[in-house]
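Note that the chains are named A, B, C, D and E in the order they appear, and that numbering of residues resets to 1 at the start of each chain.
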Amino acid sequence: MTTQTNTENDAAASADSASTILEVKNLSTQFRTRAGLVKAVDDVSFSVKEREVLAIVGESGCGKSVTALSVMGLIPTPPGEIVGGEIMFGGKDLLQASDDEMQEIRGGQMGMIFQEPMTSLNPVMTIGKQVAEPLRIHLGLSKAAARVRAGELLSLVGLPDPLEKLDDYPHQMSGGQRQRVMIAMAMSCEPKLLIADEATTALDVTVQAQVLELLIRVAEEFGTALIIITHNLGIVARYAHRVNVMYAGKIRESGTAADVYKNPGHPYTAGLLSSVPSLMQSTSGKLQSIEGEIPDLTDLPSGCAFGPRCPYVQDRCRLEDPPLENVGDDHISACWESAQFRGTT
Amino acid sequence: MTRYLLSRLGQSIVVFLIVSVVVFFAVRTVPQDPIYALVGEDAEGYTPAQIETIREEFGLNRPLPVQYMSWVGDALKGDWGLSFQNKLPVIDLIKKRIPFTLTLAVGAMAISIVFGISTGVIAALTRNSKWDMMATGSAMFAVAVPEFWLALMMILFFGVTLGILPVYGAVLIWDDPIEGFRLLIMPAFALGIGGAATLMRQSRSSMLETMGEDYIRTARSKGVKEKTVIIVHALRNSLLPVVTILGLRIGRVLGGAVVIETMFSWPGLGQLAVSSLQKADYPVIMAIVMFSSAAVIIANFVTDIAYSYIDPRIRYA
Amino acid sequence: MLILSIRKYSSQLVLLLAGVLLIAAISCGGSDGDDDSAAAATSTSAPAATAKPEATAKPEATLKPGTNPISATATAAPVATKADVAEPELLKRGGVLKYGADPNNNHVFFQQYTPGAGAFWAMTVGDPLMAYGADSEWLKEKSMAVSFDVSSDAQTLTFKLREGVKMHDGTDYNAAVQKFSLDWVLDPDNTAVTRPQIATIDKVTVIDEFTIELHISRVYTPILSALGMMGGMPFSPTAWEEQGADGFKQNGAPSNGPFRVKEWIQGTRTTFEAHPDYWNEGKPYLDGWIWEEIGDSQVRGAALTTGAIDLAQIPPSDTDTVAALRAGDAHPFVNFAGVRISHHNAARAPFDDKRVRIAAQMALDRQAWNDVLLGGEGHTYMGSVLPPTSGFAFEVDEYPYEYNPEKARELLEEYAAEKGLTLPLTTMSAFTCSAAQAEAGCVDLVEQPISIVTTSSAENVKRAEFEAAYFNAVGFEVTMDLGSGNEAPRTFVSKDASFSLRGFGVRPHPSGSFDSYMGVGGYWNNGGWSTAPKQLELQAILEAAAATYDYSEQVQLYKDAQELYMLEALGGVKSANNPTFWFSNSNVKWEGWPNDKAVMFPSDSSMKVYNMWLDN
Amino acid sequence: MSMTTSTRSVLDIRDLQVHFPVNRGVLFIKNKGAVKAVDGVNLSIAPGETVGLVGESGSGKTTVGRAIIGLVKPTGGVIEFEGNNVLEMNSAALRQFRRQVGVVFQDPYGSLNPRMTAERIISEPLVAHHLFNSKQERRARVQELLEIVGLNAGMASRYPHEFSGGQRQRIGIARAIASDPTLIILDEPVSALDVSIQAQIINLLDELQDRLQIAYLFIAHDLSVVRHASDRVAVMYLGKLMEVAPRDAVYDNPLHPYTKALLSAVPVPDPEIEKKRERTILTGDIPSPTNPPSGCVFRTRCPIADEACAESIPELREVTPGQHVACLKV
Amino acid sequence: MVKTSDSVEPSSVDTARIQLPYWLAGLLRHRLSVIGGSFILFVAFLAVFAPLLTGFEPTEVDPPNRFLRPSFEHLLGTDYLGRDQFTRLIYGARISMVVGIFSVVIASFIGVPLGLTAAHFGGWTDSAIMRFIDAKLSIPGLILAMMLLLMLGGGVLTVSIALGINLSSAQARLIRSQALSVKEREYFHAARAMGTSNWRLILLHMMPNSIQPVIVQASLGVGFAILGEASLSFLGLGVTPPTPTWGNMLSLAFQYMRSAPYLLFAPGVAILLLVMSFSFVGDGLRDVLDPRLKGKI
């Protein structure tokens, strides 16, 4: 049981000088479904620097997971398809990479953790074998060497008596322990980038805290950049250096966590922040909720997708989709009325 | 695991008892008078009095529950009673036929499994391609074809016109491997092809489902080659539901054997079942049905063990 | 919608059509292309002219009744020494003949009931006291009696027995053994199926080691032919002591015939091996033969063509296989042993009225019956109950009850008007047994619908469908009562069938058929039609025939009996003399090949396998 | 909103126990121990009050809810509703109790029968308790309920798959208030919803409570939502109550070490505050409920535990007015 | 489309627009089941209007014109008794369809209640019912059917009962497993918490949500029942002749395979296409009724 104060955010300051390891430009991914064409990710651009922790936040259906899967090249085709854009990683555009090249990168230089601990591990295969698999593929370790290394990795992620765990099966472990195994597996080849897609959503609060602390520590130790995908605004505040807010397939706002939270550049971000009840002081009466329903991606409104639910909507918003513009130092947002609405908060 | 198997064993014994009771009483309601199997249609040489004494000998006029109790008592001691056709012990009649039915059943199951699962997996992996279409189409075709029609077509085509396969004969594989195998091909194929179709559909749908699971995506995220993902991760998981329905297939195969054995004059229990049912030869019918249901129960039991061995979630319950 | 879906049909539909065409190809391919010469004979033409030069021409001409040695004056003929038996060249012909047939064999003890015993293997296992050839004349070469003489009151028969005969278990055959066997059969407790054949014998005495004397309760000439069947076959007393009935059922009763049972697997096959020291030197030619039980006649045909078996028995109703084998190079044997009669219960209204029985006769188109059900190979010999080959055929030039549906309907309308009924006639009256009948096992019956009763075998189903259609056409309303296995005959015995489709095997001597089937005591009649005056008259003729040894007198009496039965008693609607077919492969030879007279036995469907050999 | 204890409480749970037998051996061999899902819980809810029941998975909070509405048979204790014990009620009394207690479940997709129209779903309780004799009256009541929960009456004949998550939850709520109950058990009512929709439903529940004076048992694991919605909060761990107190006492002045650890583990959506907050991270996992630790169940993960905690099971004591804590060290 | 069981929920006609029941709309989009469905309707049409479509009677005998090859006058030729094959085929369709559908209805009436009671009450009733069903399943299907037929005698109803009892065990097992999963769903807990009676729980909540796979299997079952009737009549136990069914027409045609191969073609293909059509429709229904898919629309 360790007591820590939050120091990570300070380290972010020195990150600017570090080089960019992932550059996503105008990424667009679509799905053909029975109900019509779904533009899950529509012209998304962002970048991740070395050792940086980027958070992508948004409600369900906003495209955050699809973005991550597109970067990893795990979009099931059919029905999905990446229709445009570039993903520059390690000097190469992943969209042009061949299957073999992608298999080289996945698990080697880029790792990923998923949401459901219960179903993300192969139920009929021992933990040891599953953790050892990337080691043998990417680092070419022998069976015995890979097993030893797997043991070390399990102890690194804080599993009690790791060597015995090597021969256990996933169903013999709790949710938290499995997520630790996932981290061990994803980090096994000390990747340059790790994507955590709602990695702790299915865990209890205390276990969630343990796993995230562990993730940050290991990333730091291996110098791995992190993309944390979540809908929990608290996690973003606590762990992320920068944050992208997504809505209906587009990035609506991006900036450092501090700026975005203190002075949100988009009405949607503001609305989200205000609809989360506060832990710090008792509030009674109405929460400032965002009206209306989550948009149906098959028939999005013209202009700004948030228009129908936005309290500051103008005619222009209904006609034209606002581009991303600077609203502060390293802080951009896509809203025609950002000046007016920011003035008032 | 042992707890799971012990309870399965208990259940099987209960099922076996229920089968014996159900069949014992069902058979006796058949309107046939069993005596005529022994004395012949016109009962030449028998006086009515003698016919009555025979009924006594077989204990046919005792109340049914008493008959059942004595039957069970004898059966446990290994005495399956005398056949009504010739007052000879039923065991001798059954003993020689069991290996034939088993050989046929195993042959049919082998064909079902080999053709069924392989085409199913290929069809799933090449989803909506022409291979998939052909496999699904031929599965639809194989399920819809009446077995006896297929059997005779094969006899006439391969047996008579081409003459490459023997049309008649009954030799066990271990007695005369080459001839035994050549004899087995057609009946096993006719009996097994229906099963192959069902297994193909089942393994196709379970493979498709498995490929959509999260741990497959995790494997891919680890950079595992697609081929290894299929063989190492997907295949074993997708076989689990297929193994469970193997147990049920045995019942269908033994049922189908009745038609195929009659068609190929294959001296198995199915052929005997048809003649003894028509002659209402109770002891022989009881022996056949008890053996078949024992085979099905044991098969289900074996598939349970196999299932719990493959799936660690049960092995370490 | 259909057009819509076809226009945008997908590859699945193409697949579907391919599947369908595949079936068509196979099903036509299967008919090796000679369907024009097969049984698609039109109604009028004579049975399809078969290309094969056929030794046994269709028996249109009645056979000249050969001199029949069964006459009182037969004196002690000289003992046939081994030399004067026509000696075929002595080269060893050997081989194991495989014989494919249908009915399954419950056990291998020929004295107790098992389907097909008489027809298939009993004659190969035992040499009876008296044996009969193709035209019912005495076959000394096969019988144990070398000579016999009949007492003046014709009730005592003395037989001189063959010497030096060894039984299968090595023991010697003598008068004591023959007596033991006859006494065993005559003892009711042994429930021998062969007892009714020789039941008239009431005393058997051993005169000396090789002479035996039988006393019969009444003058009964058919006893000689009866002793030619299983009843007259000896079996070893010493083996009986050791094995008893169960032993005999499983391993066969050691007798004195050319073959003995080697192995019996129920429902599969029975293997016979040559008797090592069989008394008739040089015989049997075969080393052994195997009876293969093949249920499906088409598979039997296929097994013959592919050489899996050497000899196959094919039922006439399987016209396809018969035609296919005829077209091939298999040698056909045709024997008119069976008679197909739809017996109706003449004791119950409406059948007690002669007009109704005549109407039933006239309702059936026998020519069509023969063409459709027997592929034209049957013989619609209207007159005789007995087959033309038996020498006792009843010759009639113009059968009064020829196929005439209009007349039949008139008769039924006349009967219905008289009885105040309307056509179609649907019910059969109740039946109460007389004291005598009750004692013979008759059961009282309630009123019930007119029904055709038969087993559900493929052959009988077709017969039932055919006859039901014709009976319904003239004014009967017949329901179908298709039983499974042995249920149908039982309903006949207990007389609740209106039309029971029966066929019966003919014994070497007509008395066998008449007594056991048509006579008052016969098991088809107890409680049936045996009380009507015409039927009692018929019974008197039968008894007279059984009492005379004069062959020509017997022939005349049996013809009178048949005339009375067919014209007056009308106990049933005779459809045809049913041919039984065998086909043998080219490697099967016998004495006097290809004339198959020497290997066909007059009784219903047995082949003298012991006279055959394999020439490969 | 302090609550005077004198007014009779709507629901009073005393020493509630729910143990599930775990049979190890084959058919007849006796079982070897039980999972103590709920082990001695005391809780009371005043009319119109909202009691928050908080805890992690495996804490037994859902089982408490299930025990109250009769889905699970308790193995001990008393559940008193308006004076009489639910567990000893005859079927008539039980039916009356069922009419007065509504329930809302977590999963919007799983809590509505996919084969029924919205109208038939909402009218289910009306039919079960024969509240209206004619179909028209029932239809009118359903229209009214739809309006109350913010859906338009035209949607009555639609099927569940034609509604969004938020709308389905509103139908669930309409069904719960249909027989105008005095108490509703809310089992994780908003956990499965997105943040923006979550806020709308919380506001709806608030509004309904003010208008219809219904008492809520608000079961959830999201501490900030519970703080907003509840008057009093009870914290559960491994089947036992750790701390019960008014809302402000629990959040501003938590006494039980588990409550402290729980609050510190929840990240707050404000980087400034997060920078300054002092966090205590618990180690290890929740012990298995089949053999809980002796004495205080939290002692194996408690930062301030010592030998004494292992000997005796801490009682729920009133440390400060209205604030009860089950810990020897406080 | 003959409704196999009335519990498929009634087509709801929304006042706003005429909306086909969702399962029918779904089926129309499923190409294969359109083909299958139209063939079944075509056969049903033939069966119903048989008397109008042909001048002959199915049992009308005309031996002189036997074994006529398919011609304009006799579309499918004549059999060994000169009976018109086309007439027998369409009258036979009537009986084969009735046997097929009847046995599936009987199977459902036995299997569904058994399965539901086993799932709902659990404990001893569940294991008792399941052991009974295991026993029935372990007796080879055809032998069980033959025994039942010998007991009840041949006839359309008795054949359907024999085949129905055979199919009922599979139906019972299927609906029990579905019902068990429904029992875990929250809407079931909600209904029980509201005090709904056991009866309504089973009928209104458990059955509608677990009946889909039974309907899918039922449509496949019709095909298997028609095949079963063919096998039984091959063993001489099916519907008593001369009533024509595709089964006994096929086994009769067997005996004239060389001399009249065309006799084999019509019943064989008819059985094949009808059984395949039912499996097409079955597959279509499976996709349409699959709850997982429906949730996503």
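In this section, a contact is a pair of C-beta atoms (placed from the backbone, for glycine too) under 8 Å apart; a residue touches a chain by one contact, two chains touch by 3 or more.
Just so you know, these numbers come straight off a predicted model, no measurement behind them.
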Decide which interface, A-D or A-B, involves more C-beta pairs in contact, and give its chain pair.
A-D
Based on mean C-alpha positions, I'd like to know which chain lies farthest from chain A.
C
Per the C-alpha centroid definition, the whole-Å distance linking chain B and chain C comes out as 39
For chain D paired with chain E, centre-to-centre distance based on mean C-alpha positions, whole Å:
49
If you average the CA atoms of chain C and of chain E, how far apart do the two points sit, in angstrom?
45
Distance between chain A and chain C based on Cα centroids, please, to the nearest Å.
91
Indicate the residues of chain B shared as contacts by at least two other chains.
31-32, 141, 152, 156, 262, 277-278, 280
Any idea which chain E residues touch chain D in the complex?
9, 12, 14-15, 185-187, 189-197, 200, 204-205, 208-209, 291, 294-295, 297
If you look only at chain E, which of its residues touch chain C in the complex?
31-32, 34-35, 38, 42, 59-61, 63-64, 66-67, 80-81, 150, 154, 236-237, 240-242, 251-252, 254-262, 264-265, 268-269, 272-273, 276
Chain D to chain A touching residues, read off their complex:
56-57, 164, 166-167, 194-200, 202-203, 206, 221, 223-225, 227-229, 247-248, 251, 261-263, 265-275, 277-286, 301, 303
Which stretch or stretches of chain D touch chain E in the complex?
66, 69-71, 94-95, 98-99, 101, 103, 105-107, 109-117, 124-125, 128-129, 157, 161, 172, 175, 179
Can you list the residues on chain C that touch chain E in the complex?
1-2, 4-6, 8-10, 12-13, 16, 19-20, 23-24, 27-28, 30-32, 34-35, 38-40, 42-43, 298, 317-320, 323-324, 365, 368, 371-372, 456-458, 461-462, 464-466, 468-470, 473, 480, 482, 484
